[in-house]
Amino acid sequence: MAEAYQKEFFNVTFPAEYVAHVEINRPEKMNAFKEVMWQNLNQIFNTLSTDPSVRSIILSGAGPRAFTAGLDVNAASTSGPLASSKTPDPARTANAIRRHVLDFQACISSIEKCEKPVICIIHGIAYGLALDMSLACDIRISTQDTKFSVKEVDIGIAADIGTLSRLPHAVGNASWVKDVALSARIFGSEEALRVGLVSNVYKDKTEAVAEGIKLASLIASKSPVAVLGTKELLNYSRDRPVEEGLRYTAVWNMAMLQTEDVPRAMGSGIKKTVPKFSKL
Amino acid sequence: MAEAYQKEFFNVTFPAEYVAHVEINRPEKMNAFKEVMWQNLNQIFNTLSTDPSVRSIILSGAGPRAFTAGLDVNAASTSGPLASSKTPDPARTANAIRRHVLDFQACISSIEKCEKPVICIIHGIAYGLALDMSLACDIRISTQDTKFSVKEVDIGIAADIGTLSRLPHAVGNASWVKDVALSARIFGSEEALRVGLVSNVYKDKTEAVAEGIKLASLIASKSPVAVLGTKELLNYSRDRPVEEGLRYTAVWNMAMLQTEDVPRAMGSGIKKTVPKFSKL
Amino acid sequence: MAEAYQKEFFNVTFPAEYVAHVEINRPEKMNAFKEVMWQNLNQIFNTLSTDPSVRSIILSGAGPRAFTAGLDVNAASTSGPLASSKTPDPARTANAIRRHVLDFQACISSIEKCEKPVICIIHGIAYGLALDMSLACDIRISTQDTKFSVKEVDIGIAADIGTLSRLPHAVGNASWVKDVALSARIFGSEEALRVGLVSNVYKDKTEAVAEGIKLASLIASKSPVAVLGTKELLNYSRDRPVEEGLRYTAVWNMAMLQTEDVPRAMGSGIKKTVPKFSKL
Amino acid sequence: MAEAYQKEFFNVTFPAEYVAHVEINRPEKMNAFKEVMWQNLNQIFNTLSTDPSVRSIILSGAGPRAFTAGLDVNAASTSGPLASSKTPDPARTANAIRRHVLDFQACISSIEKCEKPVICIIHGIAYGLALDMSLACDIRISTQDTKFSVKEVDIGIAADIGTLSRLPHAVGNASWVKDVALSARIFGSEEALRVGLVSNVYKDKTEAVAEGIKLASLIASKSPVAVLGTKELLNYSRDRPVEEGLRYTAVWNMAMLQTEDVPRAMGSGIKKTVPKFSKL
Amino acid sequence: MAEAYQKEFFNVTFPAEYVAHVEINRPEKMNAFKEVMWQNLNQIFNTLSTDPSVRSIILSGAGPRAFTAGLDVNAASTSGPLASSKTPDPARTANAIRRHVLDFQACISSIEKCEKPVICIIHGIAYGLALDMSLACDIRISTQDTKFSVKEVDIGIAADIGTLSRLPHAVGNASWVKDVALSARIFGSEEALRVGLVSNVYKDKTEAVAEGIKLASLIASKSPVAVLGTKELLNYSRDRPVEEGLRYTAVWNMAMLQTEDVPRAMGSGIKKTVPKFSKL
Amino acid sequence: MAEAYQKEFFNVTFPAEYVAHVEINRPEKMNAFKEVMWQNLNQIFNTLSTDPSVRSIILSGAGPRAFTAGLDVNAASTSGPLASSKTPDPARTANAIRRHVLDFQACISSIEKCEKPVICIIHGIAYGLALDMSLACDIRISTQDTKFSVKEVDIGIAADIGTLSRLPHAVGNASWVKDVALSARIFGSEEALRVGLVSNVYKDKTEAVAEGIKLASLIASKSPVAVLGTKELLNYSRDRPVEEGLRYTAVWNMAMLQTEDVPRAMGSGIKKTVPKFSKL
């Protein structure tokens, strides 16, 4: 197994054909993040992105209590943007913070940039960074006991690793977005489903992981060329006018429609067989 | 009746004053599309766009079984982007595909560009191209038996005629968008209503068509100047920042607020009469 | 109290610490707007924006019957864009209209530009301008008896003070947006909640105002630096690609993460005390 | 020869291998345009765009006196946007104008959309529409006697067929752009070269046409795949941030770098032979 | 004369029909700016924008020595963003600075927003703010003795009132832009003309003012509707893709082409008379 | 010295205080690039970006003959996007190409992303990649003997590492951009200066390097906070509307105007001393 998958605070397993499972593994701290962890996350997803034996990914937290409680505040107070060794000059401190925030953002965005779809299984405590990370994933499912919070205002900051940039594009209730982001109040899965933050809620973590693997396997059974394009084009179009999306799509597909996967998939459809696709 | 409305695979009728009904008419093939059909669609909607006796439009499929089953795969395998006579050079093939996709996109976008509002009545089977087309319409209503599927990954392609560009801007659950687009799973009207893909669900096709005509008639009774502007400004603003929308609106209305429809509509409102508006 | 708060048609009160309540006060006309009122609104929100003793705001209408019935049509027929003294030249009239619309838009946008979060309590009649105004607010809550209507097409115009620019970005059902904007039909709170126009519905105005103050107080108890940033970054990101949002966020926070509020908030979190923050 | 090339007011000839020459042919009226002419222009360039025996194009005016004197004002006063049969309602007239302007713009933009590079040879009188048209071309060269004018303000209008949209992106002196567009003053080739409106000035029309054909032939000798991509990517990037240009380029080239033209061109480079490329 | 034109540090005169001359009037300090001056500038240009007896404007500095030496550094050290009474909290100081900078920017941008064209006559010393201001003007002309400098890095700041945002869109040499902005070196009119910062250089201030008035008079003799549109559409298009410019232009002109100025201008053109246009 | 600076094909030296000199060092091959070289370039500029003892950078080629002859075509035919081991499936080959091109682009863009200004000294042969690289630099100067060529069409490709995305934003003659990019013709420094590709031309490489170091030293003597901001804000504004540039600038400077460099620079200005600035 790739060295990039051997990390102290992550388990990477392969529960089904072409499916990887990334598990945040610091359950004794409710999977709270310190700096090394987001750097590891970055390495793991960059490697998964081009690993030809992986076609879809699920992400969850180890242990029964939390997906993640967010930033490890104790650790953050000694390193990272909140603890940037303050220089006497606010401008120089500012630049150190900027470098740090951009680096942290890039680590989280590696999930969005990953060529393979990522399904986030949100369970138990899901605060702060939990939102930032899950919003960089493609599909979000949760459990009946999930406790969500856009927690950042409670530590005096405007969330800067992705939640405030991605949330307005992810759900269909702008009033609710402001409500939870400004108040940091805790909300549950029923509310998350109603406003569109998650697309399914399951009884508990066990069921959610099982269903996550099932969905990941279904996606992994499709043409990898079609799946890659679908993720890329949906991400591209989310951020741009329809006209721009159409133009980019036409250019993307001028190579991709030449794939052998089209006749294979069509042939299997007609013959009611299961198509086999080459590695990507 | 305009020649553009006389097409082998479409019925165009006028069920109420100022209301046109476009019906996809190939029921024996579940209204599956071959190339001539989307070119006809284009001609029909371009003509409706400037037909002064039409103020709103409904679109449905003939027969009880399907709105449309999507692309006619047999036909597509002999013409169109999936069958572009492959040249020996991938780049030359690519350019032929690009031309074809851009042309196909333009045909579907003629619905969005049409100056009059289009209400899509989605019933029975609604796969692949059904989504592309209905997302180019202004209003989507469906029936209890509708079976939706973003079907394209099942034939090895990333949908390229509009679904991936318009869906993220049409519904309020980004996780659900990825779920259905990556898995091609079939979903029903209840789910479509919950995530915001349709705005109403009716018992069956008969009721949906009747309600569609009723809504189309209501819209057709309003000032055509106001209706034209409302469609244009909502489409414009969907794709742009609020500031841009406001500026364009001010410029649009510097001509449109001079219309005689304003005093007519206001006068009728005060006198509780039904206003009459000149043709546009 | 600031002179800007003493207006004939508005009450400005301070029902809780750091919370302002702006009330439209023309109940005998169902709080319908004439030109002086939107200019006053502008002055009030510009002043609140930098008033250090205000950290959050609620907006409602006086009296039991209406949030606002919208534009005072009688007044509008004698002044404003609909009554611009028509010059004999359509181009010169057009420019007069443009100036007027841009000015009117700027008044309504002062709510969005206000540095403090604004919670809109929508109750009773809420027509036309009611939507324009509430969509410029951050959070929208309503009551069981609210009657909403995007009323403008009924007077022959495409809404130009913000509804058509902001509504597509505020709710997650594009089909519904077109439905209500093109038909001007009246809809209620249940529907508003389902499509995401409001984030909560309360029994009646009394309860809604009480809950609004409660939420405003909760927000006012947070770090003003974090709250300011959260509003700014969410508004910025609504209108732009995720990449742009992330970059702007990093630059915003290079100053804001240096705030003393972070250690204060963290310290209070650990000590389970209520943090006190300096005025902004 | 394609029927699209047989037009009353245009000559289409093929002066060199793979090179087409489009000549505006109404010299007795200084090549002034009436409506049928821009519609013909549209048809000609749409046909050239996909004509496999054409790889580059030059555009000039017939006769010694003018490239074109612009709109035929007499004709324009009886048809077209300036003569839209005025309806009694300014809003309905406005919509008729909008349809007309959009159609006219599309005709001129067919030059920019043409897949093959277009070299514009500007000579003699070049007023109004001359600028609109030449700015839609890829390369502009002129003669020592060229008299340019952004003439539109002199007939009471802001140029609406392209000059005001393309000029700010074509030259490197924003002050000069405003100067000539606001004053309608006549300027010559020396000034045009200095500010970057043209890239070369020749002695007279004969020399300019000869040099135009020479440059067109040079371009036509290159890989058609590389030339198509270079035009497309430069046009795309002119209008967008560098980051967007880079991303689109990578997607464009994922098909185009697979072309057989690369080894052919490289091989010819090494062997110092002239490469032959298949038709596109 | 409007009260807005009576300011201590500005002279507003009317040297020709429909032409206003705004003169910065603090020659004993080389026209250096203190805060009250940019607020006055704002009021003057907002008033000129809608003054029907003004159709074009020139801007220059009083006295022989300087257009303006830029910010009055002594004054700036006691008020303004550089002297924001520093609070103990960097975040609160930051917000005070942001408010101040946005306000200052808005004052300078009032020149760009002014409906009438503004010709900037740059002479003598032209440092820092001189660039910010002149870049917000439409046309820039200078004199042989002008000494330009993007001076801000020399006082430790990145220019924030407009130069860094407008300069890359105003001239055609990106390398030169970085050169002068990073080095703060002084350059003259010959260089400014070569890179496209100015469109004409005159012998001295007297000649430049005379030529400025001549050009302003020429512009003032054109249709005010056409001039207004030309400024608006060029500013709009500078900042947007060509497609966006074309669309906005079509909408702008649907009102503006209805003007009586078109037949008046055309008629005068045919009859070789001087057209008279109504006030705007 | 940092390990990142020890590369086989690059020399990194420090010819003046705070100034780094990066030299492409493969003179026997006219500094042609193979893959390892652009990866090294990336590492060098990423390291320089945050090296506190570097404040400005010059980039040149070793030896008298060439800045760089571009891609090493022999090497490119065995690795890289042009030699991607072709899979039997055009779509899978396409994705391999895309990954490669994005990676290559990122290496070149590291120059633009570098926090410190980079001055490119272009001399002798400067083909293909020479343009891509120099356009990612901030300032371009050249020598009388420089031979430039946008060479890519000559090997059958549309340039994909940056030239086509950056050139339209770098120079002020769109016609010339198309001319040289479509024809691949060689041009010299006089022409480059006239169209705005370079900002200065020097006699020979020796003089150009000396002048480059002089300019780099001048920039290095300024406040590093001001220089960082000036580069960042100019790059940001190049790609965006003026309004966006102004807003970003205000947010950037809310931290940066708090720097101690402002009083230091102002104080030195008054006292005519040379200011000293802390490391960034």
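Read from first to last, the chains carry the letters A, B, C, D, E and F; within each, the first residue is number 1.
Methods note: a residue touches a chain if its C-beta (ideal position, glycine included) is under 8 Å from a C-beta of that chain, and two chains touch if they have at least 3 such contacts.
Nothing here was measured: the structure is a model prediction, and the numbers come from that model.
Between 0 and 180 degrees and rounded to the nearest 5, what angle rotates chain B's CA atoms onto those of chain C?
Chain B sits rotated relative to chain C by 120 degrees.
Any idea whether A-F or C-F has more C-beta pairs in contact?
Spelling it out, more C-beta pairs touch across A-F than across the other pair.
Have a look at where chain A meets chain B and say same if over half of the interface residue numbers show up on both copies, different if under half do.
Under half shared, hence different.
Looking at A-F, C-F or B-C, which pair matches A-C on over half of its contact pairs by residue number?
Matching more than half of the contact pairs of A-C: B-C.
Roughly how far is chain C from chain D, going centre to centre by Cα mean, in whole Å?
48
Whole-Å distance, chain D centre to chain E centre, using C-alpha means?
33
Send over the residues of chain B in touch with two or more other chains.
Answer for chain B, listing residues that touch two or more other chains: 90, 93-95, 169, 171-173, 195-196, 225, 228, 238, 240, 243, 251-252, 254-259, 261.
Mind pulling up the chain A residues that touch chain F in the complex?
50, 87-92, 94-95, 99, 115, 225, 228, 255-261, 278, 280
Mind pulling up the chain F residues that touch chain C in the complex?
248, 251-252, 254-255, 258
What residues on chain C touch chain A, complex-wise?
Interface residues on the chain C side: 117, 138-141, 169-173, 195-200, 215, 218-219, 222-223, 225-234, 237-238, 240-243, 245-247, 249-259, 261-266, 269-270.
Give every residue of chain A touching chain C within the complex, in rising order.
Where chain A meets chain C, its residues are 73, 77, 81-82, 84, 86, 90, 93-95, 97-98, 101-102, 105, 109, 112, 152-160, 162, 164-169, 171-179, 181-185, 195-196, 238-240.
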